[in-house]
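Paired with chain B in one complex and with chain C in the other, chain A is shared by the two complexes that follow.
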Partner chain A sequence: MFGKKRQAVDNRTTQTPVSLDGVKKSLTNMNDAQIDEHETISGIKVNLIYIKSLVDNERLNEAIVKPLIHDRSISVSEAIISSIKEKVYTLDEAKEALLNGHILLNEAVINEWWAIPLQSPLSRSIESSETESILYGAKDSFSEQIDQNITLIRRRLPIMELKSESFTIGSLSKTTVVLLYIEGLTNPDFITIAKEGINNIDYDFFTDSSQVSALMEKGNNSVFPQFQQTDRPDVCARALGIGQLIILVNNTPFALIAPVTLFDLFQSPEDYINRWVVASFLRVIRYVSFFLSIVLIPLYVALTTFHFQMIPLQMLFVLTESRSKLPFTPFWEAFIMLIILEIIKEASLRMPTKAGQTLGVIGGIVIGQASVEAGFASKVLIVLVGIAAIASFLVPNYLLTKANTLIQFILLFLASQLGVIGIAMGLIGILSHLNSLTSLKQPYLAPLAPLYMKDWKDVFIRGPIKTAKERPEYLKPLKKWRTSRRN
Partner chain B sequence: MRKGVRTSILAFTLICLLLTTSCGVRPENNLIEEIAPVIFWYVKKGENKNLKISTAVPPILKEKKQLFSLQVNLLKQGAKDFNLIYYREMKVGQLRMIFIDEQVAKKGIAKIVDSLLIDPDTSQRLFIVIVTGDFEGYLKKQMKDKENAEYYLYRMLKHYEDQNQGELTPINLHEYKKMLYTPYTDPYIPVFKADQQNFSYEGTAIFKKDTLVKTLTKMDDQVFQLVGTDNYLKYLAIPKLSVVLGRVHTAVDFNLNSSYSKLFIKVKMMGRLEDYQGENGMNDKNIEKMKSTIEAFMEERTKKLMKKMQHMHTDPFQIGTHTITPFGKTLTDKEWYKKWENMDIDVKYELQLGPLPRESK
Partner chain C sequence: MKPISLFQKNMPIKAVTVFFISNRFQVIFFLLVFPQYIAHSYMIWFIIALGILSQGNLYILSKWISSSYSTKGYAGFIELFGEWKVRILTAVALLPILVKLSVLTINFVSTTRYYIFPSVNPSWLIFVFLLMSMYVAIRGMENTIRFSIIAFFTVIWIILLFLPFYFPPNAAWINLFPLTHSWSQQTWKGILFIWATLSGPEYLICLIPWLKQDQKIVKYMTWANIVTVLELLIVLIASLLFYGHHYLLLIKYPYIEMTRYLQNPIFERIDIVLIAFYLFHLVFMVSILLLILYGAMRIIFKKVSKETTRKGFLITCVITTALIIFLNQFLWTNERQYKTWMNIEVVMSGFTYLFIPSFLVICSKIKRRRR
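This part shows the complex of A and B:
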């Protein structure tokens, strides 16, 4: 049971045999630690050691204490009819078991130790995803309980080939990480790289899977996520099915999918529910929106500062009139409005839901309308900021949405210095940077660079399912065909 | 190769590619609230062989407009000197129209056109218009009464350009340049007449190279629109025959004989009867008769128009281009115009009338 975990811990600790004194010493100053002494009818003295806050007390009484006291067996191992009961030999094993919500059972006379898992089922129910909500399709989402999350995936992939390997990371948090993949389908190189990555993690505390991804990524300074985070089991199951692997981290509902490409981050689970023509249209809209959200405001600055020739004449009338009495240059005007927008966005995330309406009023009317009337910003810019902000939310991946804000600021600065050519240079820089990124050592811009034309059926558009008979080539799956007849 | 090096090489290559398009990395400061984009120039003859150029500033803001005029030797000198008398820098990046006085056009406008063509800030989608009469007076009056009067002129030209609607023949700088510098081709430009109250379309100015030689008006202009351009006519009014044809489209076929001594023009004209004020009833027989009459009338007018062009040694119909054949020897301009002047012309019209909504008895 603890075999995999030992890999990470045993090398650094000495193998002290477990003893009652040793355990008691470890539990000093832990007010939720409990050591109960019981005696069976047959007179065997038994110590039950556990941490109250981690175990299910009701089940403890029903499944262990009652049978133990009333049993007439001559040994404790016969008294406890638990299917999962493991012998414990060392003090470290004992400590780890206690902290994982096990009951330590010690037969005092012969000094035998057992660990019985009895974790408290402290978990929220399965709810619908808030970060990737969809109208149609499965509504369930992951919770903080890793076992429950594995169950949700296993129900979608009830095959023996779905393998799950467990690791423990974090010297303080002792976080369980589970690597999921389909044996015989997922490329073994990805599995090796992922295992190496997880084993090389050396850090004390983990609160979220994003920290795991940050320690496994190569391009740490990039604003682009190289692991896809999702709390949707259907997305994970689909990813496994095409040859990607999943990393589940305990105590967070967000799983990591790898290897991913930039284009994966533009895909929504609804793409596979809508009719293919509609889904393709929506996907194109997403790409256009992403582009608009990073380019629209810089373009406004470039055109109003340098390239008035490119503005349609009718628009020039509106713009000149709108900007004629402003105290700021287009750059500062846009910069201030974007900063204010970011403040509003951040505030809306932190504020309680009921205060959201107030924020809407303040953001929309007070800041939007009043700033125009007060002469701080032009009407046109307010409209563009609104369009850019809404467009940025069309990207299903929230981390990418956050990334494009920063890109927008970089392009804004370049636009204010060099105009449209500055924007072009900025975009070239972004493209070059994207080209250099990898996810589990796989190119981030695949199937565009390197080119895998066959995979384009499900990149910029979502082609008909009937034609998508092959798994993506860039994932180098061991089984190429999705139809049973061809394999 | 290291990741950083690969990124740098790609970025460097793409930026070099970008710069080979001759994009400048040091853009000019054109903060829109600090400049005055000029929408039009009006060029007329000044004193002592000078040009007088005028424009309205500020063209778009809600300020009192002023009409500035300057006597200059060179067109660009005007652009510079205007800046010295106005607090906003005038920019020609949004120049959309150039109005040239008829008197200037009669002397030749190649130099004006060339100076606009070599200016990288000036778009070639710039309408060229010939104006007769008091255009300055018209502008001054309009500026008092209306906001953005010049903008409405631009919209009018753009409207007729977009729809190929041959009420007018808007010509932009690019089209004019093409006609001016293409062998066997002479340009044409629309002509407007201005007075204190009105700015009205007069017809089409026909050029011999860059010099205005004739303004086609009324029926001649309509024939020119149908035969010489791709335009269609929303209405073709023939008062002499008491008839108006609507939505008139033509397919024109020019054919030269091998010795270039005779030109056959076959015009397939499609339209519908819009208005008829004649005395004959609208039965099949009369309609057939009317068609023949219209065809004969149009043949006569077209032939007359062609003769005028031959007399003026000008070829706005680009008939000379039909002499070009693969592997054949091309004629020089001089040789072509000599043949053009003496050419016999045979015109044949074939009118197809659309069905009438209801048959008159």
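This part shows the complex of A and C:
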């Protein structure tokens, strides 16, 4: 209930004590604020203060008002049998409780105050994930209700060691952030760094967990996400199980997983459902697709601008014929087509689902065909742009897919200046950048650099589960073995 | 300018990284140069013999690495020699570092021009490659050392491309014989070149403070040495089988040249792609050497106690780039000058690899006895 409760206890002596006048003054000009006066059978006068839009009115009547009026107890605390009522001492505590959907209960004569949580259950039902959809496996996904999200994880990890620590961030949004980890398994250094990161956040308003990650990350200028965002509880539970930690943010269905590596972003929940050989093949395809999506178009520009001799003769005939009437250099031809592709992709995302699909078809076929006929682009480029665009969507992490685009443009420019040497330079730059990135101070390219060979069983391929008896070494878990016999 | 933490030690680097650094430092020179006087089948024996000798040298080096002076880094050297002597020794060490840096960069630029961009100004290419290396180096010593793993994995697979040259019709096994020889001046040159090729692990002396102290370091250096010897043998034997000794003597870059004959349905001229991949290797080497150079400058100019700055590092890089461009422009203009520089590099690398580890071990022993 109170994110900073302990701190508040220490400061109570210096803070304004809670009073009816103080609370009433705070609620001025709030038309959904309600102050009800009741009297019990035994004659005790009680004030109930709450914000109508935030509390469950039905439960208020059933659980608070009715028992209060008909009770013959001599004190209010005896009348309200609620295990989670908390005493309130200061005006700030009272205000925070009201804004979090609590009922403030005041026994007028002795001026005692309690807060009882009665939040309105405003939540959508549990639906399947749209961003990380899979054919087989669990279909549930997180919603905007943080408690519901914790429940979804706890059901998968019904152990006492699963700890959740709550924080409140945002001077305006008062967003609840919950840090989840498995005590005795997750490396304590990660927990300390994460807590420090959350405590150091100083910002007013939060609408999504990505803002939390942005304020906790070290390399803010990177296009690569240093926290993995997911709305899948099974992914979170698995992450907790191998020694990562989870940050849940209220009012957003996307949890943050940390520390992560670049290779984590290529893993799909389906990897652990498919047979290991199939899963490994698909994972390799994903890496290859990512590489193709960033390199294919720049390679086309490099070959057609500088290295014609690299293209086999039969292919060169096709290419030369295709490019013979174009008014643009390969760079501008590719640049324009990629910009058009990005416009189509962005537009289809913003449009209603059915219209978006139609737009995709129009963009893909009609504009592509028309630009070839109009002499704006070669047929070969259209094919390559299509392949690169589809390949980019094979990466399960949407943020990484978006990063692709920018990398592609950088490589495109370098390829137009220095051919394949330019592409190599771009790749060196990207790998050097990735090599220096960290997630919760852990290297982003682990287990490649630094090298942890044992962890490769579940990085480039997904090895058989029988052989994956150890947790990833790069996560430095306190319990190394996944089998009970060895721990 | 803002201080940057170029030499900060956040997380000790795993000892296995020594394998990648040693191996990459060793093979690059051979792959870039591959001189004519090594193009004999009897050199196979010398590669094996010198590989074994190099192992002995690595053992001496490991003695230094495990000493208390080594782990203290700069402070250890001060303890051993005193500040003045360290500054003088560092100033002397600048020469082999600069020569290595220049020879590697200019050779790579020459290869790039020969195969990819014949009309591009070499100074421009030197500038671009140095700029790239600077970008990698500016992320700090720790990250640059880790980059050795990336450099290793991006090029090691290339060796597999040479396997087709071991089988007919590419291979003519008759070319490999006879495996004996008559001793000549060329033989001495070949031996010296192979020894210079095996050099490089001595640069680990500058990198010890970032590495995790581990008993396995010598094991990883041994593996690096073995892999290097195997790589050299694979390339030498493949080129002898493919070209034959007499034709091999006429080719300037046999290593790259061979890959031009590889057939691929998607790309022709695979050599262009391979040179691009070898850029990873070069950039790693140059970035490490730039950082070592900057560290050396800080020692010479008594700046060790102060924070590293972008300005200082930038000045070091600019001077180095200017020096290499000057060298390429005026002192590397014909074949005779090229050979002279090659000889200087071979002698210097061979000398530093042979004597520096022994010198340091002897000095530390003497110091301990005096106590």
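General observations
Here is the rule we go by: the second predicted complex is superposed on the first by the 472 of 487 C-alpha atoms of A that agree within 3 Å, B and C clash if a C-alpha of one lies under 4 Å from a C-alpha of the other, contacts with A are read in each partner's own complex, and residues count from 1 in each chain.
Just so we're on the same page, a contact is a pair of C-beta atoms (placed from the backbone, for glycine too) under 8 Å apart; a residue touches a chain by one contact, two chains touch by 3 or more.
Treat the numbers as computed from the prediction; the structure is a model and nothing was measured.
Once both complexes are superposed on chain A, the partners chain B and chain C clash.
In the superposed pair of complexes, A:Thr329 makes contact with chain B only, with no contact to chain C. Using the contact criterion defined above for the overlaid structures, shared-chain residue A:His307 touches chain B and also reaches chain C.
Contacts of A:Ala347 after superposition on the shared chain: neither chain B nor chain C is touched. In the overlay built on the shared chain, the residue A:Phe317 is in contact with chain B alone; chain C does not reach it.
When the shared chain is aligned, chain C comes close enough to touch A:Pro450, but chain B does not.
Of the two partner chains, chain B and chain C are each touched by A:Ala424. Of the two partner chains, both chain B and chain C are touched by A:Ser436. Of 186-194, 258-266, 276-284 or 294-302, the chain C stretch that intrudes into chain B once chain A is superposed is 276-284 (criterion: clashing C-alpha atoms).
In the superposition on chain A, the residues of chain A touched by chain B in one structure and by chain C in the other are 306-307, 309, 311, 418-421, 424-425, 428-429, 431-433, 435-436.
Listed in rising order, the residues of chain B touching chain A in the complex are 3-4, 6-8, 10-11, 14-15, 18, 23-33, 35, 37, 39, 60-62, 91, 93-94, 96, 121, 123, 148, 151, 154. In the complex of the two chains, the chain A residues touching chain B come out as 218-219, 304-309, 311, 313, 316-317, 319-321, 323-324, 326, 329-330, 418-421, 424-425, 428-429, 431-433, 435-436.
Taken together, the chain C residues at the contact with chain A in this complex read 10-11, 13-14, 16-17, 112, 116-117, 128, 132, 135-136, 139-140, 143, 146-147, 149-150, 153, 265-269, 272-273, 275-277, 279-280, 283. Residues 306-307, 309-312, 418-421, 423-425, 427-429, 431-433, 435-436, 441, 443, 445, 448-451 of chain A touch chain C in their complex.
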